[in-house]
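What follows is a pair of complexes built around subunit A, which joins subunit B in one and subunit C in the other.
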Partner chain A sequence: MENAKISPRQLFVLIILFQLGSSLLIPVGLTAKQDAWLAVLGGMVGGLLLFLLYYKVGSYYPGLVPTEYMAKIWGPFFGKIFAFLYVLYLFYLAARVLRDYGEMLVIFAYPETPLFIVNLLWMVLVVYTVRKGIETLARTGEILFVVVSILALTSLLLLVLNGSIDTKNLQPVLEEGPVTLIKAIGESVFFPFGEIVVFTMIYPYLNQLKKAKRVGLYALLFSGFVLSVTMAVNLSVLGFSLLSRSNFPLLSTIQTINVAEFLERLDVFFMIGVVIGGFFKITIFFYVAVMGATSLFKVKESSHLVFPLGFITLFLSVGIASNFSEHIQEGLDIVPLYLHLPFQVIFPLLLLVSVVLKNRKKQKKQLAMK
Partner chain B sequence: MNRKRTFLFGLLASLSVFTSGCWSERQLNEIAMVAAIGIDRTEAGQYEASYQFFNPANIAGGLQGGGGGQSPPVSVYTATGDTIMEVHGNMSRKISREPYYSHTNLVVVSEELAQKDGIGPVLEAFDRGSQFRVTTAVVIAREVKAKDLITTLTALDKVPSQKIMQTLESTEKAMGENINIDLEEIITALVSPGREPMISGFTVKGDPKEGAKQESLQATDLPMTVEANGNAIFKNGKLAGWIDGADARAVLWILDRIQSTTVTTEWEGRKDGISYRLARQKTNVSAEMKNGKPHISVHVHMEGDIGEVIVPVNLKDPKTLEKIERDVGEEVKRNIESSLHYTQKIKADIFGFGEVFHRDEPAEWKKIEKKWEDEIFPNLDVDVTVESYIRRTGLRNNSYLSEMKNK
Partner chain C sequence: MSPFFKGKKNADQNKPVDPMPGAITSSLQDNLAWVKQKFGNSPDIIIRELKIGSSKVKAAVIYVQGLVDNQLLNDFLIESLMQYDSSSQDETRTQMLDNLSDLVIPMGGVKEETEWSKLFESLLVGATLIIIDGTDKALTVASTQGGESRSISEPTTQNVIRGSRESFTENLSTNISMVRRIIRTPDLWVESMKIGTQTNTNVSIMYLNNVVDHDVVKEVKKRLKRIKIDSILESGYIEQLIEDQPASPFPQIYHTERPDVIAGNLLEGRVAIFVNGTPFVLLVPVVFIQFFQTPDDYYFRFDIASATRLLRIFIFFISLIGPAAYIAATTYHQEMIPTHLLLIIAAQRESVPFPAVIEALIMELAFEVLREAGLRLPKAIGSTVSIVGGLVIGQAAVQAGIVSPPMVIVVAITAIASFATPSFAVAISVRLLRFAFMGLAAAFGFFGIIVGLIMLTVHLCGLRSFGVPYMAPLGPYRPVESGDTVIRAPWWAAKKRPGLFSPNNVKREAGSQMPAPPQPRTIKSESTEKGNQNES
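Moving on, here comes the complex of A and B:
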């Protein structure tokens, strides 16, 4: 852990930028077809429950990060093994998100530039930010949050003026039946809402620890709402069929804007918004992974680890899949089941059970001593 | 300290190389902007694509001098290939610059190609490529080659593709007999099981050979004109028929795309005696199951003014206006039913009734989705109701024609 403090407002902004980051890029809940926006809202509720779970576990060890309290709960040996697995998970996710954004830039803007170079440029920025620390990142977030909000509101206004929003595309509601909707909700719980698990490494920096719960819940509610609106807008502009064929639906949506024959080709709105979101998503994942490694291996200065681990993440991002389709398929089929489910749900639940049992024993002992 | 500085300097220097966007830079004099693409089919079944390139210097020069430049504002090159990508490659043999598609706003597909091979395969490369825009308009070349539309020069609008685009837009607004539909809408209709696309046709009147020459533009009455001409109806991605005039307008009416138009109606035996100028309209289409059969209801609500009378009519009398309202409503209803009859005959649901049914009766839709086009749609019961209102009669009430009669 570095010696830093962030305010509740900064934490709020960081969570929102983190949540919106890649979920604006890659559509969520498409199993539910035109009800994807409902699936997102359902996923948000699941995310809120997961958040409360993480909060409960963390509340037994205020001021400590998971890699530290795992060792206290499960003993130094098992605790450290699990903490190590968590660090690997975080690095993998950082590499995944980096790949998402690198691919987006190559597909859309730099078709002749190798992916490695694009990712390298991302990583230079990310490594620099992580060296500067969480306070710098949080302050950057406050500024860029305003930029993203302005872009989002302008785009929405232009889409309405343009008349491209056709709510008929959202009908019929619940066509595929409740079972499919629940399945889609299940998917969107893990991505993006369950990824809030990384913030368990950041809460200890909050200067008013009492507010952590409120800030987390509000931020999740807000980002769930924004995501659901975005999804509904994408669906009503593109229709499900085009949306499901688009690699980046929000881009296609924004490309339909043509107001008064001159306000058109606003692709750059998408680029700016998404690059800002991507920056926060990659940086937060990488930051948390580096901090986890630092505390796990008792390295004195986290900045010593930033460069080497940055290179590993960079190579990992290029190596994890041989093409974009494979990358997306892994993200949809393998990652949720084999990575998100254990790391976001099962392990935290086990932690909670262990810590509650432990505390009960302690209390009994204390009672007996009296 | 010194080592750190050297490192930072090296980092900054490398950044200036990587971030300046020079990786795949293209200078303006290395690219040729494509204004429009026309695609024909050769005898051998290959694509023959004609690219209309901007001649930037001639467009700008003309605006300043106003003398009608010596060389045309666009140049056309033609290449063939089995795929659009192959055409793109072959094009490089003929033109010194790289075609640049970001400003392409029109794709013309020839009637023959649309009939024989279908429109589906042609559009795939345009949908996928990142330079190309999904808002690009698509039209069908009717009775002429797509190349003729691409090569014919036009007055008023210097760039021919611009002229086609704007004609399409203004005629849809003013008359509603042609549909202005873009690439994305066409693809959506192609994949939807409950809808088929309808695409505007364009044709060249006069001699296309003359039309390609700059000298032709020296006349006030051009030897050739590019005109909107009917709409192509597609079935399973292939051109199945044409729909023109009032029938085509009726299709746009059902699609709720009519913005303004003129409806004429018979009065006291005189054909087209009264012209009704539409001010606004709203059409609702809904679907339901009636006696176990799919049923579609179309409801039109329209308001407008009297635009012209060529027979004496007492327009001061509200009763007369009521009768005109009824007649106009009947006329629109007849148009709609006639276009329905035609499209049911060729089994192409260009109205998107299937989609409406899907929205309103999702459970039933699952059962009939597969046989919608060929079995259900051709025998569909459609109930058309038209509510029309005349709000005012322009600057005059009774026409001077009434007084001439009394003289």
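Moving on, here comes the complex of A and C:
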């Protein structure tokens, strides 16, 4: 861990930018068709529960990151093995998100630029930021949050002025029945809300630890709300059939803006918003991965690891899938089941059970001593 | 080397090159000889030998020509020494020196010294030395300082429409007095030191004792004392030696030549660093947004001031990414340009043999050359440059088909924008970064520009100036100070000082200062009614 402190406000902003990052890019809960916005809200509730789980486990070891307290709960050997797996998971996610964004740019604007080159530019930015540390990242978040908010509100206003929002596209509600909705909710719990698990590596930096719970809950609520609104707007502008065929629904939505024959093709709005979101998503994943590796291998200066691990992540991002469809397929079928489920739900649950049992034993011992 | 040789070498080194000790002796002749030797008989060191009044004691007055006020020296000092009437014949020479200091010399700043180093130091800042035969003490008269110096004039780099017309001069004490005339409180403290082993430049720091953060004062003193250099010729030397992050292209210390700016910033809890010999005074700690503020922001009404501040931030972005955005839009994102405009641009670019980035680089370089030439040329032929530059670049380059007219427009707008940035220090950094952005735009289009901007934000957020985050109060966000950032809150709403710089004393205004004039139709109405009657 580096010697740094962030304020509750900064943590709030970081969580929101992180949550909105790739979920604005990749639509969430589309299994529920025009009820996707409801699925997002449901997923948020699941996310809140997961957050409370992580918070509960962390509250037994305030000021420690998961890679540290795993060793305390499960003993140095097993704890470190799980911590290592956890760090690998974080690196994989960092590479995944990097791939998402690299592919987005190649498809959207730079068909002739190699993916590797685009990812290289991303990684230069991310490595530079991670070397500067969490405080700098948090301050950057505060400033860029304002930029993203202004862009979002402007786009919404223009969409309304343009008259492209048609709420009929959202009807009929619950057409597919509650079972499909629940299935969609299940999908959106892991992505994006369950990814808040990475913030367990960041909570210890908070300068008012008491506020961690409230900040996390509010941030999740807020980002769930914004995501839901975004989904609803996308759906009502495009309609489900168009949306499901679009690579980047948000981009298609923004491209419908044409106010006064002058404000049109505002692709650059989409680009700014998505690049900022992607920046925070990749940077936070990469940052916690580096911090996890630092604490696991007891490296003195985390900055020594940033360059080599940055290169590994860069090559991993290019190598994890042979093309975009495969990448998406892995993301939809394999990652939630074999990665998200154990690391977001099973391991934290096991940790909680172990730590509760451990504490009970301790209490019993203390009682016996008395 | 054998101990024998070593010993010999040491003996050589110990042998004094100058036979004179560190302190003054009682022989006037020896003392004067030492002064002459030390200064290599320089003709501007004037040694006036005289006899003190009726006592006929030999004495000497030593001063540096040009550093002293001649009239003051002749009329008061030398005259009163010559007319001194010793009251008792048996007074010793030391008593005589005391009497001279206490009774005779009608001037301030008289001090007794024995050390040569101190004597020379005061001699070189314009004091006059009085040495009397037969004592091992001397008098220094500091108030004979004078000589030619530039008078106070209007500021040349920070012009304002409304506000004081004074600017600092090269003289340190004049500069300090100009601030003292604005803030008249004993809490305005000044501390001074000398930096530079050869130049012995006077450097003073000034702060408001009851407002400033004393940790910052300590840090400033620590960093100034760290400096071991032979010369300080301008405050820029100090700026570069005490910065937090020397590798950053952005200035982390503010400099100004306006006393009202210094006063305003001292009142917010900053520390000013005055350096003798330059009208530019340094201010620490600073935040980035400060470089977008001008003094008249605070003098004009707040709505106007806020609007111009927003404009300046807009200007900053134009001057940073103007050409880069043009390159990106024409090279990668043609679909983002409205069709009609695109057709016009395409038609005009048809004959241009270069890609947009080369075109932009040619124009930008040409402009930088013009600007540099205009800066260095004698004034008389300055207009030649503007005619040649305007004709060649504006007309001929376009007619020859080397660059397209839209490119000329973009470069011109960028150039004007970079001149409209209030702080030259930031404008010059932006000039440098503009080329980096052009490169990013040529390679990655808007994605490159956005990545560049994010990286810039990260860089700025990572900077600190004397412990204060550079992007504060925006990142980290501080509600109190944010009233003086992209907008300027009205004075009656700025109840608190920025706690970033003055954590201890934050109250600036008492209660509600919002103007609340009496309701209309009470006082005013009578006079208007009268006026109506008169008119009718």
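Here, the second predicted complex is superposed on the first by the 370 of 370 C-alpha atoms of A that agree within 3 Å, B and C clash if a C-alpha of one lies under 4 Å from a C-alpha of the other, contacts with A are read in each partner's own complex, and residues count from 1 in each chain.
As a working rule, contacts are C-beta pairs under 8 Å (C-beta built on N, C-alpha and C of every residue); 3 or more make two chains touch, one makes a residue touch a chain.
Because the structure is a prediction, the values reported are computed rather than measured.
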First (subunit B), second (subunit C), both or neither touched by A:L137: second
Which superposed partner A:P111 touches (first subunit B, second subunit C, both, neither): first
First (subunit B), second (subunit C), both or neither touched by A:N359: neither
Subunit B versus subunit C as contact partner of A:S244, first or second or both or neither: neither
Partner chain(s) touched by A:T129 [first = subunit B, second = subunit C, both, neither]: second
Partner chain(s) touched by A:L121 [first = subunit B, second = subunit C, both, neither]: both
Partner chain in contact with A:R265 - subunit B first, subunit C second, else both or neither: both
Subunit B versus subunit C, judged by how many residues of subunit A each one touches: C
Which superposed partner A:Q171 touches (first subunit B, second subunit C, both, neither): first
Intersection of subunit A interface sets (partners subunit B, subunit C): 109-110, 113, 121, 264-265
Of all residues in subunit A, those that touch subunit C in their complex: 7, 9-10, 105, 109-110, 113, 118, 121-122, 125, 128-129, 132-133, 136-144, 146, 261-262, 264-265, 267-268, 271-272, 275-276, 279
Contact footprint of subunit B on subunit A as seen in their complex: 107-113, 117, 120-121, 124, 168, 171-172, 175, 238-239, 241-242, 252, 255-256, 258, 264-265
Residue ranges of subunit C touching subunit A (in the complex, touch as defined): 332-333, 335-336, 338, 444-448, 450-451, 454-455, 457-459, 461-462, 469, 471, 474-477
Contact footprint of subunit A on subunit B as seen in their complex: 11, 15, 18-19, 23-24, 130, 133-135, 184, 187-188, 191-192, 358-360, 362
